[in-house]
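Would you mind keeping the following structure in view while I ask a few things?
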Amino acid sequence: MAGEGMKSALYRQSARRRGLAFAALLALAALPPLLQALGQDFYVSVAARMLIFALAATSLNFIVGFGGLVAFGHAAFFGAGAYAVAILAERGVTSAFVAWPAAAALAGGLALLIGAISLRTRGVYFIMITLAFAQMIYYLFISLKAWGGDDGLPLMARSTFGPFDLGNDATFYWVALACLAAALFLLDRIAHARFGRVLQGIRENESRMAALGYPVAAYQLACFVIGGTLAGLAGALIANHSLLASPNLLHWTQSGTLLVMVIVGGVGTLYGGFAGALTLLLLEELLTGVTVHWHAALGLLLLVVVFRAPRGVAAWLHGLFSRGGTK
Amino acid sequence: MNALLEIRGLAVAYGASQVLFGIDLTLAEGEVATLLGRNGMGKSTTLRTLCGLSPAPAGILAGSIRFAGEEIAGRAPDRIGRGGIALVPEGRQIFPNLSVRENLVAFAANRRGVASPWTLERVFELFPRLAERQQNMGNQLSGGEQQMLAIGRALMTNPRLLILDEATEGLAPLVREEIWQCLARLRAAGQTTLVVDKYVERLIALADRHTIVERGRVVWPGSSAELDADHGIWHRYLGV
Amino acid sequence: MNGEKSADLLEVAGVSRHFGGVHALSEVSLAVAEGEVHALIGPNGAGKTTLIHQLSGAQTPDAGTIRFAGEDVTRLPMHARVARGIARSWQVTNVFGRLTALDNVALAVQGRQRDWGGSFRFWAPVDKERAIVDEAAAWLAEVGLAGRESTVAGSLAHGEQRQLELALALATKPRLLLLDEPMAGMGPEESERVVELIEHLGRKVTLLLVEHDMDAVFRLADRISVLVGGRLICTDLPDAVRAHPEVRKAYLGDADA
Amino acid sequence: MTQLILEQALNGFQFGLMLFLLAAGLTLVFGIMDMINLAHGSLYMVGAYLAAAAAAASGSFVVGVLAAVAGTAVVGALLEVAVLRRLYQRDHLAQVLATFALILIANEAVRMLWGDQPMLLNAPAALAGPVEIGGFSYPAYRLLIIAVGVAVALALYVVVAKTRLGMWVRAGASNREMTEALGVNVKRLFTLVFAFGAGLCALAGALLGPLLAVQVGMGESILILAFVVIVIGGIGSIRGALVGSLLVGVVDTLGRALLPWLLRGFLPAETAANLGPALAAILIYLLMAAILFWKPAGLFPARG
């Protein structure tokens, strides 16, 4: 009976949810052959890009939603991962098994450094100091001509990945999907482990956690580093996807876009980043077909989200579901 | 009797939890009245509602507040402030980033066209210590000086009704004495005042009538003489 | 009890704290002996809660030292003081409102476990750690909340939340427990329950108790310290404090003086 | 060399003053309502476009500037009443999302009205040349910007420091509830402040228009600088915004001009040429991080 009580209200694991997740994974895995059968090969690559952004947004959601830290510099980790892969490739290191972990480690190390300093501040000042660090990284990369400056650093080919050919869009898509699924699984485990419980407590009531003997900043830093590391992996993927480590990946508007994805999808929900990235990128695809002024349409839609679905699309859909669904 | 302030059946809630269950209170022009009771019994909420501060207006469940013949329950705080009610809030809440002088002149007004309105000079006469410190910023003052400034700031709006919430709380005995003397002088000058404080004996000497609140309800209204005569009431509702 | 320095668990010497021009605490010195129930009383705004903040590490004093079990803890952050055995409760209920009662206490129990990385464990589901679950349930029973394990803390009655708050503090297994008005805003029956609980706790852990309810204070305290306007005016046995003329004047107002 | 340093210092001062025009409104909005307004840069863009359009239509630069200030103030007030007012009670994330949306909408609106190409806004012909001051020559138009910037900063100082309106604004920034209880309609005060801040944005946009390109997206790059400024200065503090603006303007401009040259003194030429611009570009962010590290609430915290 006591064991039942331990289940936290926010993160309930259930067989039904696990089943749904598995079904969704299968459906996503079946997408490339389906698109190819429809003669829409081009969209396999588009879909892969969505998955990569979903990973980046998920990593940010872990920091913002689960850690309760509103960070405005996630592009730094995303971009650093991309540049790590490109720089290594330029030096002849093309194996994904070396380059991708290196990219994640670089982003994680950066997050450790930036987080350790930024976590001295709170609230708005935290938002701004993380932004400042991201801007430093941005300007550092565009100023260094050796790394391509404004033009970015191109890759000759996608990383080598054992026997698999990442040059094939479908294979690349599946690898990206595997990375996303693994990250979601990992974050779900973390959320339910001791560490996740502590983060939940900190988000709920920081001072009370300190009064229970928790060194709050250390846990927040760990959370920040985990998010940064995963963003680095997403960066490695996006560089492979577009065969370019672009300074645009480091720009503050990229941080803004990722944050918008998180808010649109649902802050603090496991699938929020995924839902947000998908929603935003799909809207972009749809709206560009309809109007050249699609940015304005997107802006209006975002305003609708703010005022009509304040807890994000995921929660809004969930609400629709539970109203119309069983019971 | 022409009441300046008339509260009838005021019921107020913070979100889901109701804190006032029907407060009645009447105050005539020139009178000094108190609101008594232990901590957490609803005194501050009554005063805040009177001034239009949270939980008003959404928190007002029932009742009316008539001030100078007008219904003001649920009005925006700035309209109530301009209408002649000035609050000396709990914790003083002076503006730390304004100088003493600015704290006083920023909100000065004589909307009623009083013949001898409150001015800087008169406030400095009442509290000479503020005159010495007029160029200091609000956050450089001691607790007692902050309290004097909070009272001075309220007076500068030339209010018809002055409200003091725990104005002597946390002050050294000597400073507290200064505040009491100031209130006595205001009374002599005919200032209508509503006071929340703990020092019953001083309040009996200062005020005309008293209302004791317990758990959001009025449990005893009466005059100073009645309260002075019945120490049982003190101990039942106010005892430490 | 006064003379033996070695028996003092907590030694506060000359602690001052000001906010802007307001002197909330002026050179407060105070000793709490191991095992005693020490009450801290004084009118509102006297600096009682401010003193608790300095002791618990929520704030750092401008001057003076705080020694706990012989160690200078004046500059230590709150979590480090908790690790050394100082726990506190808040005047305004401070629990994790969206977690269940059991989750609340489990966090406190988990915080005490510093074996292999403590809470830096990222994989194993905490829900399955029986030791934590069982101990948390035991603490809930200890404060009289058995049966309320799976109720979300925010929907517990006010008195129950205060009990939960006590369970949180106790589950850190403190040597010294700082209680800031544990009976604030309680009805008579709830108060009585908490008084009994504190009486029971007083036999197990050293208590520093801030409370307005004088009946409770005189019933519970071994010694009482009186704080007025940020200064400590006396520390003595309850009867002596009751008779102390300055205390009567300053604390009980000018009522009977 | 002295000529260069002096010229760059003046350029930095001039840029700092323009930053101040942007930061002043932003810091008040942020300070009083605890509101993150990413769309502040869009008002700067709208101001520049209005100035260019009005100047082209009337043939007068001055008319262009005045029309821009008035027009943008109206746009600001409308924006505040229609959208932003609903966001004050929401959390920072909602504010970020909504004002990000406003940026998208503003950029597209400008594109629809004036097209993709940058607009031309010329400084008055009379101010096109340089002015000689004791053997030192400096562009006349930049001197005008400095003069206007100083004048506006002084006027703003007088308004904020000496008038009752300024006291209300400062009081509102530190304690909104008490300000209301003392009879000030903070809601209306805030619409006024917002319109005023929008007007200042437009002034900066119109004055910088002839120096920088009037184009879509011009607001975003300068917005970040304005945020850096107000965070350095302390959110809600006008004095902090002024100090922060001048600091950022001078450090940024001088850094770009002098750092590569300084580095050449002790580094190999190639490394210096590489590192110089990079270091110069991140100088202000280093400055901000350092200030927040030692003073986590900025140089002049407005609250308690």
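Lettered A, B, C and D in written order, each chain numbered from 1.
The rule is simple: a contact is a pair of C-beta atoms (placed from the backbone, for glycine too) under 8 Å apart; a residue touches a chain by one contact, two chains touch by 3 or more.
It should be emphasised that the depicted structure is a prediction, and the values quoted were computed from it without experimental measurement.
The most distant chain from chain A, with centres taken as the mean of CA atoms, is B.
Chain C and chain D have Cα centroids lying 50 Å from one another. Centre-to-centre separation between chain A and chain B, using Cα means, comes to 54 Å. Taking the mean of the C-alpha atoms as each chain's centre, chain A and chain D sit 32 Å apart. Centre-to-centre separation of chain A and chain C, using mean CA positions: 43 Å. Counting partners per residue, chain D has 304 as the residues that reach two or more other chains. In chain B, 96, 139 are the positions where the chain touches two or more neighbouring chains simultaneously. Under the contact definition stated at the top, the residues of chain C that touch 2 or more other chains are 20. Viewed as a contact network, the protein chains form a single closed ring in which every chain touches exactly two others. Contact annotation for chain pairs lists A-C, A-D, B-C, B-D, with touch applied as defined.
Those residues of chain C that touch chain B in the complex are listed here as 20-23, 43-47, 184-185, 212, 214, 229, 250-255.
The touching residues of chain B, when paired with chain C in their complex, are 39-40, 96, 139-143, 145-146, 166, 169-173, 198-202, 234, 240. Within the complex, the chain D residues that touch chain B are 164, 167-168, 170-171, 173-175, 177-186, 302-304. Of all the residues in chain A, the ones that touch chain C in their complex are 1-10, 13, 189-190, 192-198, 200-201, 204-205, 207-216, 219, 222. The part of chain D that touches chain A in the complex is made up of residues 30, 34, 36, 38, 83, 86-87, 90, 92-94, 96-98, 100-105, 107-109, 111-112, 220, 224, 227-228, 231, 235, 274, 277-279, 281-282, 285-286, 288-289, 292-293, 296-298.
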